[in-house]
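Shared chain: subunit A. Partners: subunit B in the first complex, subunit C in the second.
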Partner chain A sequence: MTEPTTTPDATPGATVTADVPLVRARGLVKRFPITRGVVLQRAIGHVHALAGVDFDIYAGKTLGVVGESGCGKSTAARIVARLLEPTEGTIEFEGRDITTLSRRQMVPLRRTVQVVFQDPYASLNPRQSVGQIIAAPLRVHGVEGDRRKKVQELMAQVGLNPEHFNRYPHEFSGGQRQRIGIARALALEPKLIICDEPVSALDVSIQAQVLNLLGDLQRERGLAYMFISHDLGVVRHVSHRISVMYLGSIVENADRDALYDNPRHPYTVALISAAPTGERGARTRRLLLAGDVPSPAAPPPGCTFHPRCPKARLVSGDPAEVPERCRTERPVLTDVGEGHQVACWYPIEKGDAEKMMEIQASEITLEGDPELGVAQTEGLTDAQPRPDDLVDGGTGL
Partner chain B sequence: MLFIILLVVVAIFAPVLASLIGHGPNELFNRTMLDDFGLPLGPNSEFWFGADASGRDVLVRMIYGTRVSLAVGLLATLFAVGLGVALGLVAGYLGGIVDTVLSRIAEIILSLPILLFAIGIVTACGASKEGCARGAIKPGLMLVVLISAFFTWPWMFRIVRGVVLQLREREFVDAARAIGAGPTSIMFREILPNLISPIIVYASLMIPQAVLFEAYLSFLGLGVPDTTPSWGRMIADGSQIYDVAWWLMLFPGIILLLTVLAFNLLGDGLRDALDPKSDR
Partner chain C sequence: MSSPREGHKLLEVRDLRVHFPTEDGVVKAVDGSSFALDRGETLGVVGESGSGKSITFLTVMGLINRSSARISGSVLFEGEEIIDASAARLRDIRGKRIGMIFQDPMTSLHPMHRVGDQIAEVVLTHTGASKKEAARLAVESLAEVGMPSPETRARQYPHEFSGGMRQRAMIAMALVLKPSLLIADEPTTALDVTIQAQILELIDELKEKFNIGVVLVSHSLATIADVSQDVMVMYAGRPAELGARDQVFQDAQHPYTWGLLESVPRPDVRVERLIPIDGQPPSLITLPPGCAFSPRCRHVRPECTAAVPELRDRGSGHLDACIIEPDEKTRLREERLAALEAGA
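Take a look at the complex of A and B:
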C-alpha cells in the first residue's frame, strides 16, 4: 500500500480538485437491439447509437456537443442523465463510478445532475400547474420548507412572473415554457445541467434570451452544462469546449476557438463551412459532403466517415479512391496539441480546405449538370438546386 | 345532468314516491286494471303508465326499477374502471412480460361471447339460493354487477394501456425520471392525471352498457329476482303482449333510452370541464 498512485483520479474518494472533472465518461457504448417477432422477440441486429465515446465535463464549464441528427449526441446526454443505461463504458461523477447504481442509489445524485429538455411543449406535464411542475423535484427529494416561496423565487430568477404559479403550461409561450423547464432543473441547485437541444424548438428571437439566461445562471451559480445542439452558432456562443460527433463517435474535441479557427477533422470543416455566416453577400464556399449518413445499424468499417470524406480523396489523389487505412482501421482520438484531439488518420492541414473545394468543383463539372458545376466554381451555392447525390452538410443537420 | 340527478333522487326516494301514488311495486290491482279477458288496461288518471299483465302499476315499478338500474350501472362501472385503469397503467408503463400477460388475459375475456357466458354463469350460480363455488357467488344484483364488471374491464384496460404507451414516451415522463421520481409516482402523479379525459368518457359509455346488460339479463329472466322490478324485466314481460298493451314496453324503453343518453352527455360534459385547456 506504499505504492504511490499514478493519477489523482485513480484513487476512489480522492479529494476533488480542479483537475478531476465533474463527469468523466469513458468508452460509452450504446446499442439498441432491432427486434423482430411478436411474442418471441429476437434481435436481428443492433443500432450502434454510441460506439465508444469519451468526454469530460468540468465544474462551471460548458461542454458543447454538436453533430447531425442521429449521431448519438442525445443518447450520450441521456446516459449522463442516467435516463438510459450504457451497454458498455463507465461514467464517473466527481471521481465516483455511477454506472451501476440502482435507481434508489441514484436519488441523491439526481440532485446534482438535472436536465433541460428539447421540446418545452412535451417536457411539461399539461395536467400540472407551473407551481406543481417546479415543486416536483423538491417534493421527490423531500425538501422541507416553504415550497411555494421557493417556487416563486425560482420563477423570478428565470424571468417569469411569480404570480403565475397557478397557471398551466398551455397558457405560456414556448420561451416561457422553456424557462419553466429551467426553473425545474434549478430547483435542487444542481452542479450540472444537461441541456438537450434546449433552444432548437424556439424562435430565433427567443433563443438568444434563453441562452443569455443560461449564461447568467452559469456565472451566478457556477453551473456546468453539457450542451447538446446541432446549431454551430449556438454552440459557439455557449461552449468552453466542444465535441463534434459523427455516427456515434466523437471525431474532434477542442476548445471553442481552436475548433472554429483551426478545425482538424474533415467532418468539422464541412460542418463549419455549412453554417450560415450572416454576412450579406458573402461568397460562401461550401464543402459539400457526398451521400447520406450511413445507417447506424450497419456502420462502415474503418473510419465511419470514409465513404463521405473529402480529405481521404485528396490524400489518395483519386476522387474514387479512399486510402486503405481509412477503410480498414478505425482512427482513435489523438492529441494534436493544446488539448485538441482528433480522430482522423490524415487531419486537415493548412491549405487542405481549398484543395478539397477544388476537387469538389472539378468533380461536379465532370459529373454532369454543367450549370451547377459553373455555379459551384463561382462559389454561389446558395440558391442552386442540387442533384440528389449531393447533400449539403448544412441541410442534413 | 339534471336528468341524472332526477334519476338518483327518484331511486333514493322510491318508497316515498310510491306511497304518494298510493300503489306498492308488487301490489296487484287485478280487479280494477285488468279487463274481462284478463288483459291489462292502459294509462289513465290513476295509473299514469297503465298496468302490467298482473295488474301492477307500471309507473311505480319503473320508479323502483331505477334503483336496480343505477346500482348495477354505477357499481359495475366502478369495478370495471378500477380494475381496468390499475392494470392498464401497470401494463402500459412497465411493459414487458407484465404487459404481455395482462394483454392476453384481456383479449381472452374480450373474445368470449359475453351474453352466452353470462347466461351460463347465471344459470349455474342462480339455480339455487346457495349459489355456486361453495356459496361464494350468490344469485342476485351483485352477481349481475360482477359479471358485467368482469366482461367490461378489458375495454377500459385496453384504452388506458394504449394512452399510457403514448404518454410514457413523452418528455415530461423523462423529466420526472430525471428528477428522481419512482415508477409509482410517475404512474399516479404524471400519467394518471392525463388519463382523466379518456377514463371519464369511456366510463360514461360503460354505465349505460351496464344498465343495458342488466336489462338483457333481466329480459332473459336471469337478472334480479322476479319480485324486484327492473326495467329490463319489465320490457321482457311487456314483449309478450306488446300488441295489446303497448305501454308495457314503451315507458320502460323510453326511460332506458333517456338514461343511456344522459350518461353519454354527462361524459362529454365532464371531459370538457376537466380539460385545463378549455376555459368554459
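Take a look at the complex of A and C:
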C-alpha cells in the first residue's frame, strides 16, 4: 500500500503513494443566497446545500453517492469538477490543494476531471454533429493532431459506429446519446469522471448497456468515478464505496456490501427499505419515513434527520418523543469499525429494525407532532427487508 | 368481479390501434393491444421508452386528438363502448369515473390557483354541487390522501408544496369524485425514493379502501412487481406478455420479458457485466415483419417473421405473443439460466 507510484500527468516531480486518494474533499460547505427583489437583489437567507462534507475518491474506484433529492449530491459533484466554488473547505487532487488555484493554474487539472450528466437530450447541442461534439474538448484544450481520427477512435471505444461522426444527436437513441456524452468526457483522457445520474433517464435495457460501458472503461483505463444515482440497485452494482447524504451532510460512509448488509444510520435503513425490491408483499415490510424532507434553507437543529427518524423514537420509547441529544446536538461522522462511518447518536444495532416496527405499529398517528416538524407519521411496518434475502415470492429484481 | 354491471370488467380494451400519420410515414404507436382490468386490481404496465404505454392510456381517457390520429378497436369502460364517444361524454367520464395522475405534478397543477380551488373545480365541473360543498369535498379529499392540516393546505399554492405533497394533491384531485379507475403514468418517477414509497403505499391503500382499479405505468420492474396483481409487458405498441404478477415475473414466457429481467442489476447476485438486450428499438413506421422483437431475439427462427404472432393463452390467463411452444420455452429458459449461472 505504501509503494510509491508516480503519476504521469501530475505536476512534474510529484510522487504520490497509492493510498493518497485522487480526490480528497474536506469540510466542504456551500451556501446559496436566497434573494428577493428584481433590481436590487438582497439576500434574505441561505440554502445550506452542503453543510461540511468530507470524502475521498481513489484511482480506479467508484464512489457511489445516494440520498434524497436536494440533499447536495450534484453540488458536491460540481465542486469536485470545479464548476462551482465551495463557500468553505478544501479539495486536494493527488495530494495537492487545488482550492485556491487560479483559473490558469486550473487548466491542466480541469482535463483530468470530466462530467457526464443525467439528460442525454439536454446536454448535447442539437445543432452540432456528433464529431463536433466529441471534438469540442480537444479544440478547447488545443490538442493537436488528427482530431477526426481521435474522434473516431473514441466513438469506436464507446460502441458507436465511427462512420456516424457526421450525424446529429436526434438521429441517435437515448443510450447512444449517453455514449456520445461519455465519448466527449473521455476525449481528454481524464482520471476521474463524475457521473450525475447518468442512467436515470434510460430504460432498463439501455441502462445496462451504459453501465457495462462504464465498467469496461474503468477496468481498461483505471478510471475513477463519482457516481450519483437514486437507484440503489444501480449504485450497488457500480460502487466500491458509498456515501449516503441527507440534507447537505454525509450521514454514512461504507464499503458497498457493508452498507447494504449492515446499514448503521437510520436514514440508510429507511432508504434501503424504501427501494422497491420486487418481493411479494415487500410493501408491508417497509420502514416508511414520516413526512417530507425539510427545506435546506431552514435545516432542523441537532441531527437534521431527527424529525423523521424512527430510531430516535425507539430510543425515547415514545413515537412522539425524540431524545434531547438528537434535537440539540449535531452528530459527526464517527468510525464504527472497518472504515464504516456513521453520523448518528444511536446507530442501528441488531434487532432495531424489528423494534422500530413494533413501536410504530402500536402507534399509528395520522397527524405528526408539529413541534417536531413531522408532517405526517406513517405506520412503520415490519422489519427492514434485506435486499439479499429474497423471500418466497421474490422476483429477484 | 364486483363491476357495477354484472359480467362486465371495469376496463376492457380490444385490438386497440392508434396510428399517427406523419411526414415520414404512419407511426404505429399502438398496434393491436388487448387487455382487461377489474375493480380492486392494479395492472402494472412496463416496456421500453416509446413502446406506446402512455398513448394507450391517453387513448383510453379520450385525450388523443382525433384529427391527429387514426384510432380503432374497442374500449369498454364499465361495459360502455367509449372509443367513439362524444367529446362531452368523454369529458364527463374523465374526472368523474376515471381519475389520472402523471409523472410531473407541477405540469398538471396550475401554479396561480390555490390547490383547494383546483380540486373544487373538478367537483363543480362534474356535479351540481354548490361552491361550499365543492370546497368541503376538496378538503376532505386532501385529508383522505394523508395531507396534514388539509384546511390550511387547501388555501396554499402548488409552489408552497414539496414534490411529494404535490403528488398527494394530484391524487386527491384524481379521486375527489370517487372514480372507479385510477390511471397513474409514472407517478413517482420524479420523486425521492422514500417519498416514492409513501405515494405507492397511498395508492395501494386507496385502491383497497374504495375498491377501484389502478393502472400503474412505470419503467421500474421492481416497483411494478411490488404493487401489481397483473402485469402487461409492452413492446412496439402491443402486449408481448400479460398475466398475473407471479406468472410474468417468475415464469416469464416472452423473450423480451426475459431480456428485461436480465438487464436489471440484481442485488443478490454480483456480476461483472449486466446483460442488455442487443440491438435497437424498432421503427414504429416500418415495423419488422412478423414479431416486432424478432431482430433482437436470441431465439428467432424463420416462422417468427412470417406473421404477427397473436397473444395466446398459456393457461390460467397467462398470455404471450411468442410463437415458440411452452415446452420448448421452458427448456430454452432453463438452458439460458444455467449458462448465466455458470458465467456469473
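Convention: the second predicted complex is superposed on the first by the 344 of 397 C-alpha atoms of A that agree within 3 Å, B and C clash if a C-alpha of one lies under 4 Å from a C-alpha of the other, contacts with A are read in each partner's own complex, and residues count from 1 in each chain.
By definition in this document, contacts are C-beta pairs under 8 Å (C-beta built on N, C-alpha and C of every residue); 3 or more make two chains touch, one makes a residue touch a chain.
Computed from a prediction, not measured in an experiment: that's the story for all the values here.
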Check whether A:212 is in contact with subunit B, with subunit C, with both or with neither, and answer first, second, both or neither. second
Given the touch rule stated above, what does A:276 touch, subunit B (first), subunit C (second), both, or neither? second
Looking at the overlay, what does A:137 touch: subunit B (first), subunit C (second), both, or neither? first
Of the partners subunit B and subunit C, which touch A:232 in the superposed model: first, second, both, neither? second
Check whether subunit B or subunit C contacts more residues of subunit A in the superposed model. C
Look at A:255 in the shared chain and tell me whether it touches subunit B only, subunit C only, both, or neither; answer first, second, both or neither. neither
Output check: A:168 vs subunit B and subunit C. Expected answer is one of first, second, both, neither. What do you get? first
Check: subunit A residues flagged as touching subunit B and also subunit C none
Where on subunit B is subunit A touching in the complex? 100, 170-172, 174-182, 185, 189-190, 193-194, 196, 276-277
Across the complex, what residues on subunit A touch subunit B? 39, 78, 81, 83, 103, 106-107, 110-111, 114-115, 117-119, 122-128, 136-137, 140-141, 168, 170, 181, 184, 188
Can you list the subunit A residues touching subunit C in their complex? 68-69, 173-174, 202-209, 211-212, 215-216, 230, 232-234, 236-237, 260, 270-271, 273-280, 282-283, 286, 288-289, 292-293, 366-368, 375-376, 378, 387-388, 390, 393, 395-397
Could you please specify the touching residues of subunit C with respect to subunit A in the complex? 48-49, 146-149, 162-165, 191-198, 200-201, 204, 219-223, 225-227, 245-246, 249-250, 259-261, 263-269, 272-277, 280-281
